[in-house]
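Structures follow.
Consider the two complexes below, in which subunit A is the common component and subunit B and subunit C are the respective partners.
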Partner chain A sequence: MIRRAPRGLAEHAPILFPALMLVVFFVIPFSLMIAVSVFRRVPGGFYEPDLVFANYERFLTAFFGGVMSFSLGLAALVAVLSVGIAFPFTYRLVKLPRGAQIRWLVFLLSILSLSEVIIGFAWSTLLSRTAGITNLFVALGLMAEPQSLSPSFGALLAGLVYQAFPYTVLVLYPALARLDPYLEEAARTLGSSPLRAFFTVVVPGLRNTIVATTIMVFVFALGSYLLPQLLGRPQHWTLSVLITDQAIYQSNMPFAAAMAVFLVLVSLALVGLALLAGRREETA
Partner chain B sequence: MLMRTLNSLAAGLIALVLAAPILVVAGVSVNEKKSLIFPPQGFSLAWYAEVFTDPGWRGALITSLVVATLSAALAVLIAFPLAWFLWRWRAPWARAFEVLGMTPFILPPVITALGFLSFWAAVGEYGSPWTVVVSHAVFFVTLPLVTLSLGFGAVDRSYVEAAATMGADDRTVLRTVVMPLVRPYVISGFAFAFVLSLNEYIVAYMVVGFTLETLPIKIFNALRYGYTPTMAAVTVLFVSLTALVFGLIAWFGDLPRLLGAWAKND
Partner chain C sequence: MNETTGKQGLHAALAGGISRRAVLAGAGTLATAAAIGFPNIVRAQSKTLKVGVYGGYFKESFEKHIFPEFSKATGITVEAIAEPTGEAWLVQLEQAARARQAPADVSMMSQVAMLKGASAELWAPFDLSKIPNAAKVVPHLVNKYPDGKVSGIGAVSWYITLVTNTKSYPQAPDSWAALWDPANKDKLGLLALVSNSFLLEVTAATFFGGTKHLDSEQGQLDCFKKLAELKSNVKLWYRDEAQFEASLKSGEIPMGQYYHDVTGLAAADGQPVRSTFPKEGGILDSGSWAVTRASKAGDLAHVFVDYMCQPSIQALLSRKVGTAPTIDRKLTDLTDQEFAAVSSDIAPIIPRYDLYTSKSDWLNQKWTEMIVG
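Let's turn to the complex of A and B:
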């Protein structure tokens, strides 16, 4: 089989269906959304074609600024916490015997693919007054009586880190699984403790991977749209929640689309940065 | 020695925290009375029975299973020819479609959801039940695309050379040599897309939220009227099903390799 450029219709035929599907059902909807963001809203829940930037001007309001900075700050906090816990964890994970590794991976994948609805429900039950963790504290004599810990900022943060942790591990997994074990062995042979070898050899060696992963988790956390509603208070609503709210409940598609375009730009810029950081490590 | 104990303790603690919400939900799902109390009072599987006997819950369960099966199948149908084409021919321009296939998965899901909402509304199909199948298939096409790219990449090209030398054309090579080698990757791609579609909320909600109730939509709608043990039972069933599917992938396929670790003999 010679791997050359395809010629003629027959050789191109296999790619027609996937290309058509992706263009019609992804490129066109995506472009349409960008178009809607400059359309004019008509009272009654509809919009008509136009070229206005009123939807973008609303970004300048203090309300939007507040939501935006809260979303970015929260996502950054979640990313740093998740990578901080997941990095040492994954480092140990790749050294486990294959069987144990696979059991962990199945467990992590199962949690990662859980619906946000289910994660939100499970955490609010865990933090509730009747079934929650505070009952355990009462039994241990740490608290006088059980109380509800949700909704609150802490509950939201716990839920988001819970959701992001398996994702972080799986993003870090390939890089750490391919890490040359001799590097650390060499450091150990030369007399450094395991902890010292970890911080002076492993962490600096994977600095770019850590940066790239943190950015990817940041984008992942930005996408959370149900946990802020289920575990947080209204002041903890993020941009993703606001977009859903405007699109569905306020029937303001143009404004929702404008915010979505903004979110796309932020996300794409960050993903580009992550790819750049990841690539530099590969060539190094 | 101390280090090892500390490590095991930390791993155990992480496992406990990850499992805790699920364990509490499993606990409250067997309450005898209609209340969410933990530790549970009494023991009853009535709430599990209700998932299958109550028409609302059963309908949502069936809807979710049908949508997930169809959309995962469509996702594989889109991903297979694309991955094969990229492997078979030297066509750098076609990589653009691969990137397109990866994008919806990386961006925040609300963006894709909003794109679909504007699209289906514009073509006048907003709310039609089949639109969620197409939307999920495009949204999750990334997963079979990634597993199939790995699968084709793992095919030893000398087998293909041998078959071609003996006179097999492309179609015969694909059917007799390539297909058996990539079948595990087709299955795992399907399974990944199936599980994620089963759990997906926002795209389904924006596309068919007012006409069709998938299980995550049903749970969310029910949450507004208060928490019941039935939801806990549904959650436990869902978590078990999800774990079962990934367990099967691990059993029949090479999970560490699928997730990007190199096999020992690479």
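Let's turn to the complex of A and C:
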């Protein structure tokens, strides 16, 4: 196969369609959002075109700073946990016979078809006092009386990791399936334990995949606004929840847009930093 | 929707016999039949009115019980449009009106949305001389522009009351003060937004002698401070009604604020829930009919609103949709039992809608900081 840079319009054509989609569905909406974020809010009404930064000023307070750091921290934790669980899982999965692999993948895909609402309600029922899992513990004699485990930070974390897990596995699967099994076998022949081979050969070998997947899950978790309402207490509401409140319930589009722009910029910056750190390690 | 069908079935059975409207309907059908011979005339005369009502249970009930009757009586076809709750619909109407479009001609709007729309002059004024029945509507449910023109007319009212699970609370609480009782730690479900929970008003009415206390900023801060004391009792601040309703029925969250009508329907269906009008009063909220300025069906809208204000229709709404009448109860033929199912004689807490336009951003910020912080 000859690899060279495409020349002329005809060879560039295949990229035109995705580029067009990117412009239509990302660049234009995001530009509109930036425009609205500097519009002037009319209290008790709507907004008027203007160039003011009051919406950003309102955001730059300790209160929103706290909510923002919580949202970022939560998304990071969800990303690390999801990849931490999904990586060993997928590693085992690719070693199963083909039939079993397909059954697992179909099962994971079917979880993907569940909406956030269903996942939220299912977890809140599962963790409830009246119908939840603690009733089982009581029946088994492990607990004295049923307890309510939701809403709480743990419940929220469980819900978010559950939701992100199938995505994580499906992203890791191709890379792990392609990993040359001889690498590990070589490590084993040279005397390392399976655990040691996993951590010194498999994990470093797929470091870029792991970083990319973690970033993907991080961004995915950052946008979650329904589960924090269903499974978390108010102190666990993410910035996305407050953005929804402003846009839908307070009809304050400029402020909602300003918060959203800020969230996008901060997450882009973090993703950029993570990639930069990854590259530097590689060259070092 | 099991709890609704039971009640509706009962009322359908009660509402038998041939009514005056059925006869009118017959006449209407004749007129339509005559017109079918002349397709061009039908097209010229086709009278369709787009009416926006809250999607879900409300829209279903209106389409099943109210709109067909209206079409029979007037020959005007209704196209029901599902409105989202919150203020999203207001934003859509306003954006559409800027482009001279009307996604719905008449919409049922919440009071806060009415005021916000009025400040943008979104609503076409009503001509009351074309709506004789509007005179029956309780005066505070007629919305007016500052110059006195009528922007909206009360469509339906509903109460938000103190609700409890009867298994967890054999004795019904009699005051909103129960929300502050330390014994109810981690047991409450309350609405999550300042502009739909109306808890500032409840606090003012329960501890500061009435909602007038909210006139001053100091009064508002007093209420926020008092409200902050009940935070540890709250298990769930809900935006989504279904979420609280399920938890109330199961006893997971055995107390809170909720809609009187829906709670009544659930209780009638055998669920262990009850709705209580506290001695300070239930919260009386309401929706108004309003016409967007972009609508070209203003005349039909007047006919529609007049029809909806009739005592017989207000009674029908109470029986079938579970809302409280917007006209004096004595004008309707509702029995005591039917009235009690949708309302109460205890003076209600009327929300301070004015605050949610004049100080909405400040109140919202304080509120969010109070419950999140």
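Operating definition for what follows: the second predicted complex is superposed on the first by the 236 of 284 C-alpha atoms of A that agree within 3 Å, B and C clash if a C-alpha of one lies under 4 Å from a C-alpha of the other, contacts with A are read in each partner's own complex, and residues count from 1 in each chain.
By our rule, contacts are C-beta pairs under 8 Å (C-beta built on N, C-alpha and C of every residue); 3 or more make two chains touch, one makes a residue touch a chain.
Here the structure is a predicted model, which means the values were calculated and not measured.
Q: Check the residue A:L114 against both partner chains and state whether it touches subunit B (first), subunit C (second), both, or neither.
A: After superposition on chain A, A:L114 lies in contact with subunit B alone.
Q: By the touch definition at the top of the document, which applies to A:A5: first (subunit B), second (subunit C), both, or neither?
A: first
Q: Hey, is it subunit B or subunit C that touches more of subunit A?
A: Partner with more touched residues of subunit A: B.
Q: So, does A:L72 touch the first partner subunit B, the second partner subunit C, both, or neither?
A: In the superposition, A:L72 contacts neither subunit B nor subunit C.
Q: According to the stated criteria, A:V203 is in contact with first (subunit B), second (subunit C), both, or neither; which is it?
A: A:V203: touches no partner chain.
Q: Contact-wise, after the overlay, does A:P43 reach subunit B, subunit C, both or neither (first, second, both, neither)?
A: A:P43 contacts subunit C only, not subunit B.
Q: Applying the touch criterion given at the start, work out whether A:S251 contacts subunit B, subunit C, both or neither, answering first, second, both or neither.
A: Second partner only.
Q: Counting only touches as set out at the top, which of subunit B and subunit C does A:V80 meet: first, second, both, neither?
A: A:V80: touches no partner chain.
Q: First (subunit B), second (subunit C), both or neither: which does A:V138 touch?
A: In the superposed model, A:V138 contacts neither subunit B nor subunit C.
Q: Mind sorting out which residues of subunit A both subunit B and subunit C touch, each in its own complex?
A: Overlap of subunit B and subunit C footprints on subunit A: residues 121, 124, 128, 130-131, 230, 248, 253.
Q: Please name which positions on subunit B make contact with subunit A in the complex.
A: Against subunit A, subunit B makes touches at 3, 7, 10-11, 14-15, 17-18, 20-22, 24-25, 27-28, 35-38, 77-79, 81-82, 84-85, 88-91, 94, 97, 100-101, 103-104, 106-119, 122, 134-135, 137-138, 141, 157, 160-161, 164, 170, 173, 195-196, 199-202, 205-206, 209, 216, 219-220, 223, 227, 231-232, 235, 238-239, 242-243, 246-247, 250, 255-256, 259-262.
Q: Can you tell me which positions in subunit A touch subunit C when the two form their complex?
A: Checking each residue of subunit A against subunit C gives 41-46, 58, 63, 67, 121, 124, 128-131, 148, 151, 229-230, 234-235, 237, 242, 245, 248-253, 255.
Q: Would you mind writing out the residues of subunit A in touch with subunit B in their complex?
A: 1, 3-6, 11, 14-15, 17-19, 21-23, 25-30, 32-33, 36, 85, 88-89, 92, 94, 98, 101-102, 105-111, 113-126, 128, 130-133, 135, 162, 165-166, 170, 173-174, 177-178, 194-195, 219, 222-223, 225-226, 230, 240, 243-244, 247-248, 253, 256-257, 260, 263-264, 267-268, 271
Q: For a test of understanding, state which residues of subunit C touch subunit A in their complex under the given definition.
A: 84, 86-88, 90-91, 94, 115-116, 119-120, 186, 192-193, 195-196, 235-240, 243, 246-247, 250-252, 357-361, 364-365, 368-369, 371-373
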